[in-house]
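The following pair of complexes shares a single chain, chain A, combined with chain B in the former and chain C in the latter.
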Partner chain A sequence: MLNNVSKLFAVSAKNISGSRSIVSKSFDLGFLNKTPKTQITTLPNGIRVATEQSFGETASVGVWVDSGSVYENDKNNGVAHFLEHMIFKGTPTRPSPHAIESEVENMGGSLNAFTSREHSAYYMKVLKDNVPNAVDILSDIFQNSKFDSKLIEDERQTIISENNYVQSKEDEVIFDQLHAAAFQGSPLGRTILGPVENIKSISRDQILEFVSKNYTGDRLVVSAAGAVDHDALVKQVAEKFANIKAAPASQESPRAQITNDFVGSEIRVRDDSLPLVHFAVAVKGLSWDHPDYFVLELIQNMIGNWNRSISAGKNLSSNLGEIVATEGLAESFSTFFTCYKDTGLFGHYGVCQPETVDDLIAEMLKEWQRIASSVKNSEVERAKDKLIATTLMQYDGTSKICEGIGRQLLTLGRRLTPSETYLRISEITPADVKRVATSLLRDVSPAVTAIGPTGNFPEYNFVRGWTYWNRL
Partner chain B sequence: MLSRGLAKGIRYYTTSTFQETPRVVESSTLANGLKVVSMTGGYSGPAVSLGLYIKSGSRNECHNSAGVNQVLKNLVFQSNSKKLYLEVQREIETMGSTAFTQASRDSLLISTQTLPVTSQFMLQHLANVTKPTLPYHEVRDSAAVVADESEAYNHDIYTTLFDSLHQAAFRGKTLGRPLVAPRCNISNLTQEAVTEFADKAYTPSNMVLVSVGVNHKELVEEAGKLDFGRTKSSAALTSEPAKYIGGESIKYNAGNSHVILGFEGAAHSNVRDVAALSVLQNILGAGCAKLAPGNGVTSRLNQIVTNNPSVVSAEAFNLTYGDAGLFGVYFETESNVAKVLSLLTSEIVAASNVSGQELEKAKTITRSHIFEQTETRSNALEFIGKQAVYQVENILTPSQFAQEVAKVTAEDVKRVAKKMTSSKPTLVVSGDNSEVPTLESLQSALKL
Partner chain C sequence: MNNILKNNKASLLLSKLLVKPNNSSTSTSNSNISIFSQQQKNTNNANTINTNHLSQFSPSLSSLSSTTTTPSPSSLISNIFRKKNVLSYFSTSTSSNSVQDVLSKSPFLPLTVPHPKLKEFNLSNQNDNNNSGNENMDYKEQITTLPNGIKVISKQTHEEACAIGLYVNTGSKFETPENRGVFNLLQKMTFKATKNNTTPEIVRSLEDISLNAMSVSSREIMQISIEVLRKDVENILKIFSDQIKCPLFEQEELKEQIESCIRNWESLNSSADSLLPELLQRVAFGDEGLGSSIFAAPNEYESITREKLFEAIERYYVGKNIVVSGTGINHGELVQMVQKYFSDIPYQRANTPTIESVDAKTVYNGGTMAFSPESDEVDPSWIVAFPFKGLASITESNDIFTAFVLQSILGGGSAYSTGGPGKGMQSRLNLNVVYRLHKIKHCSAFFSVFNQHSLFGVNLNTTPGSLGNAIELLLSELLFFNQNVTMEELNRAKRSQKSQILTNLELRGVLCDDMARQLVGMGQWKTPEEVCKAIDSVTMEDVKALYTKIMQSKPSVVVLASEKDSVITAEDFNLIVQQNLKLLTGTK
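Showing the complex of A and B:
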């Protein structure tokens, strides 16, 4: 804690609308470096091993794979996710799902996985002495899974019920529809689970082919955080993952070209039996490694989120939130910024009464234009302080850190340090905000999706028209 | 705005200065009675957690004031004698704080996170929020929000069931008072009622200031300069020790049956019994259709779920308070409440006799959970804060508590199981209530 700064803070606190920044008044930013260093080693077969050793009693260790549904085609769409289910079902030395489960639970650990459009991740959390066992299990399921045909048949029903569950969630449906509309004709437009016909037909051969094409050394990152020793882990990964090939034999590009990275379009599914309208309005965002990544994230934070239960009520700093709260325009809204390797999505997800949906969307797009044309310096400074703090707060617990390392190595090829994060956000100027908002959010054809009682949902050309102001 | 010079300056910070240090808990009491507890060491990231516990909750309410604590929870980040509602909200939001408040049966927690450079500013805010002005319109609006919250909770079977469990176990007194504000009492939650409760609750000696990642000496020094609490002296809140009685609450409800079988557990300060009961909890574990390894896939309760398709889920719990505790199992079933209860009682009997490898596994899982749960700043804050609220003499670090777990023997598990089943159980059923066994028959099936 700092001494002698209370007076300064008191001054800035009185001047809430002023442009003084709280964080930047600090004298000592040394805390940014009290973070374990990231050690990265690349093995001969291309696997990158990255660790942040923070000691303690537990460790998170995981394998992050540059592979998800974008690496599929129409015929095998869903195989990446199916594979994620099947990889836990047994190897020659751990012959059944139960063998893996009891080994993990006997050591008090946990094991889980997820598949997204561009990534698959398999991660474990264990007590510090069990890190070698965790690496052994992960390497075994990666290289020696049996993919037993009978178990594949059994798993179809589980995945179909997972699909039914996803189909019953309005937000999941909206985002799947949004990808289908915005990225039509490209692999990003497909769903992660795949169509039911594929879930019913995906074969053992298709799974094996997908693994051999995609689970190669150049696309794997083994990341770990907590009670891990980098050198010991490197040695063990080199030994245990030795059978992973460096790259597939074929020279063809592993993922289909994103032919059309964004299409202004609309999908609406009218269902008057639902009480509320769920919708998304999105434009093309930025890729993971774009230099303006943090500027757009700042804009996302500035526009903000709101729902009925937040404690700030009508007093939150989000201008849009204040309007929505005072006018009673929505049950909730959020601002999302989803990144991919070569494109991204930026927009709003909203849930509202059918009669307010037109006003709500108009206010949302009006806010985009306000930010692009006349954002206040004070807003930008306040949002920067907030974004610096919330981003640095992500370094919390080994699971989040391990995931951050894995994701950043796959998307950026390196790890963002707290200092870099701090620096890049604090250097953003109001002019940057206006520039990025103008180029991405003004006079564009958005992708729009909606489900529910959409009778009062504005026609596409209205929404399109709200993305510019003639008076500017 | 940040000067370019400073921005350039930090480019030179390229090397990590992180060093391994053990986690240490320190506590002090200030002249005004405010207890200050902090945990430092280990790695807690580039941010710090600051929190404040007010040591009163629904157990300190009376018949007419049921729900007052919940109204106060919603008023925490509203107007106080130093700042207006709008200022409080925006300044805390700017510090990037993921601030939240949580009203419990015996405490109100205000938990915040911030960067080290703004921690002193956040500390001032925490002192300020202990002086709410409670204007008429804020109390009125907050009571309306509470009405909505209660409505939502009434539809949440888990919350309702656990509220019924406490009401039956403590027979409506102390920990058995309703946690969720009863809708029928909202009209009594007036400005006067809220002010009266706050005057008694918001005193420095009824509070604990907790931090993770802040130097204890500096925290004590800074907190000493600030003024906590509404009034200098005031009548204390009514409080009596919790007494477990046991009983039942059986209601018809359509659809699946939700059931809790509960027993008298251990008070938080009884570390030895709490550790043994945590091990027993993990011997029983949890079960439902889709579980990833690490959540109880190989546990006894998951065996019940796997072998009986009508059982949707089951989960053992171990709740601890300052002067009492509740242990038990919650389950959801499509049919056959009586049969599932009889499976459960025999499983509890079997679990209390566990030894060897299964015991070691449950101990490892318990230790692992302790470390995992306290890895994040806000959970670590609650781990030490709770102990301070419950007046535990020596506040344990996660490692120290894990050592207590490592000491648990088969005899300990047997002993706590026997102790808890010797008192009258508490049974809560919401669903098919036509074939519910009597408490006596349940108790006789639990002879250990």
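Showing the complex of A and C:
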């Protein structure tokens, strides 16, 4: 993008401390009840249909599947993602990729998909009178895809190109390395795309086997938001998705047991031809449904994000952001909080000049200790208000709502209403923040990954040591 | 240009290495990677770290500097799984104590269980709501003009979140040689200290209550916009009004921002993607008016003083030029608040120029600008654009909508892109140009609309040495367009335009912008329904007639290509069109 846009904050920039001369009013709680109700119906074959009907001319409809690369093994690692590509390539009634593409584009809609470690999603955005067409297309590709062998061969090159693209993005590489290190020996440690040799060898049989094992009714959620009618959608899904089996014949879970939910470890790839060091420092975070989920999210918000290009610069109220800006320690840093079913990751991703990397990591971990030992009541309260406001504002447009419904039904089995989110965030106390920060961020062995000119990157035991330096 | 080159080399290197990932045994031992891991146990005892095997895998510095290849990270990750023996000391024990501690101590319930007080809480809010809940359900857009000329446009919505923006009918089109770059700097100086608040106070308050706070400068409009909950709208309007009524433009902050502008200018000049459209604008409209870029040269930025910033604010940020736009808020309330904070701004000042006098400076020229890249490895580009009428013409003709439909029929995209159907995969430029010649990296139609003018064009970007072939392919596609275009394509384009408009307008920020930009550009607001109706009414004859007319006008062409590439200039283009007029008009 051209630089004639100044964004004041980073993507989801956050708060704290200092004077407060412009006073914000307190929340008007009445509106919490104004948001559309989520209606959920479970069909006989286990598929859950969930909708939030709102006003407008368009709707988002999607199928969310409790299936991603964690359901793979060494041999078929990459198949969930490969499947996501192949599912758009043709069915008996829509015989070619071209047929599906023209049908979607002729109605002015869009069709997209993604695969993550735990989930796959296929979703459409359409004008309201095309909701039935969207359900028809989704049900057809889910149940009748041909997975033509010739098209599978053609697709390998596309996926290899995608892999090359991913490998040229430092942040993608760092997070793949981080998973490989922190979750070594566990399916979470594998990449989503899989190794190139798998991309070259995944067969039609492997794809079909993966579908029949994983795309079962009990693991599917059809979610919709916008101009949709719940009852009509339930009726249509019941009819169109009738051939989906309730659950696989064998009762054993196809998901391998997690043997290691976190391993303190390190991977660094030194490449002095790169100008900047990219790294991640992470500790074990929390699972999707953890009671302290919102406490850790609050901590993530308090530590915040920063990058050189935002116009707020060093005036941000993030304590770490201010230090980094004043001392010139980084090009950017962000605080991430990634959840999985049984575990999670919490930490920082940073990009900096090779000579400042040790100071930057030291400051990051020092900030963790500050939060754990001496976070101020006022900063917790401010952060809570901010988190409530951003959480309530984030649902903009039907796509995000549709995705929120799908993800929460898969991870929590239920939908968190704005009221509940408000309640849960507002009851957090500074003691909770210290408790969670102390147990997760203090005296732990982190997983550390880095690429670039890492000559000055601190040795592991230094980093480890900074998690229990206790004199602030 | 250098940046582009570097990136390409880097990715090439990675892809080359990816092809042979199987040297694992050698690459791990003699290259610059270190791997070690340690069990996460005994986290209560800080000193028990005995499994440091770093030295075993960490090569000496001398071997580092002599290493010529870098193993690709993907092969590294697969190595970890192949060579499990490397990680002989990873833990098979289960989770660390710490997380269980958290679980046992947490006073909260897991998120899988509803909060015990939820029912009670919802009930108590329902009662609150009875008083304020039945507000006016008329969710139509409303416009009010205040006595000092400020226009307020808003649309109530069903959500508590609002988008609020302050839009000013000014921008680099209004700059003169004396203050070139002043609007770019004004954008950079937004959310800075005022008489009432320091910069940190403003930034931190906005951080607390808002999302997407941004300031945008462009040729014809200056924008400050933000998203907040309804309760904080008044705070925002106060901050906005201070920004234009009593900014301080502190010397030190100005200096920082001038430096930042110069850095932007440098990065602009090192990226063909951002530079070429700016040059196209200059070829089309010369150095003044719409031709002058929002980005000035370093010496121009350096000559901008505080006084020039104050002068620009005084001249242009006046009632008749200002629009305040908002979504998610009652119109009457918004008008009252705008009155409270903005009513002391005058309708205009003695030195405020009329928009007409400024627009008179913009004249379409057309022509060709060509330059060669610094090296043979730079991807060549070719952009052609035709002059067309501006947004203001909407009041008397449907042509703007026809042009949008035409753009959608031509469509186009990149050879490598993410996402599925819906981005114009079936459009003409994709099917007949991008997918036809794999050396083409990008080709798409664009339509940049200004108030009194617009540019309709196509850009093309290929791998080195292939530009000539690609232009030929594109030209034949363009010449045969009227003969080949089908009703299916027309209907698809119309439906896709409508769908995009309706989808985008459901985003509060886009709706807020759109209302304000229409009001600034054409003095009125067309509802989504009206716009969709106008798009529906576009016929095949309209599209063909407009296309024929556009193609016969004198184009503006920008070329980045080495001497080896055969390219087509604006004059060549006119000539080709004249020679193939029958083909173009579709008369056989």
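One rule holds in what follows: the second predicted complex is superposed on the first by the 441 of 472 C-alpha atoms of A that agree within 3 Å, B and C clash if a C-alpha of one lies under 4 Å from a C-alpha of the other, contacts with A are read in each partner's own complex, and residues count from 1 in each chain.
Convention: a residue touches a chain if its C-beta (ideal position, glycine included) is under 8 Å from a C-beta of that chain, and two chains touch if they have at least 3 such contacts.
What you are looking at is a predicted structure, and each value in this text was computed from that prediction instead of being measured.
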| item | value |
| --- | --- |
| Clash-or-fit label for the pair chain B, chain C on chain A | clash |
| Touched partner set for A:His290, first chain B, second chain C, both or neither | second |
| First (chain B), second (chain C), both or neither touched by A:Gly108 | both |
| Chain B versus chain C as contact partner of A:Glu57, first or second or both or neither | both |
| Greater residue coverage of chain A in the superposed arrangement, chain B or chain C | C |
| Chain B versus chain C as contact partner of A:Thr398, first or second or both or neither | both |
| Touched partner set for A:Lys37, first chain B, second chain C, both or neither | first |
| Which superposed partner A:Glu381 touches (first chain B, second chain C, both, neither) | first |
| Contacts of A:Lys200 with chain B and chain C, given as first, second, both or neither | neither |
| Partner chain(s) touched by A:Ser317 [first = chain B, second = chain C, both, neither] | both |
| Touching partner for A:Val436 - first (chain B), second (chain C), both, neither | second |
| Overlapping contact positions on chain A, where the chain C interface meets the chain B interface | 2-3, 5-6, 9, 13, 19, 21-26, 28-35, 54-58, 88, 98, 100-102, 104-113, 125-127, 226, 311-313, 315-317, 382, 385-386, 389-390, 392-393, 395-398, 419, 423, 427 |
| For the chain A and chain B complex, residues of the former touching the latter | 1-3, 5-6, 9, 13, 16, 19, 21-26, 28-37, 54-58, 88, 98, 100-102, 104-113, 125-127, 158, 226, 308-309, 311-313, 315-317, 377, 381-382, 385-390, 392-393, 395-401, 418-419, 422-423, 426-427 |
| Sites on chain B touched by chain A in the complex | 1-3, 6-7, 9-11, 13-18, 20, 42-47, 74, 76-77, 83, 85-87, 89-91, 93-98, 101, 113-121, 124, 141, 145, 148-149, 214-215, 218-219, 222, 290, 292-299, 357, 361, 364-369, 371-372, 375-377, 398-399, 402 |
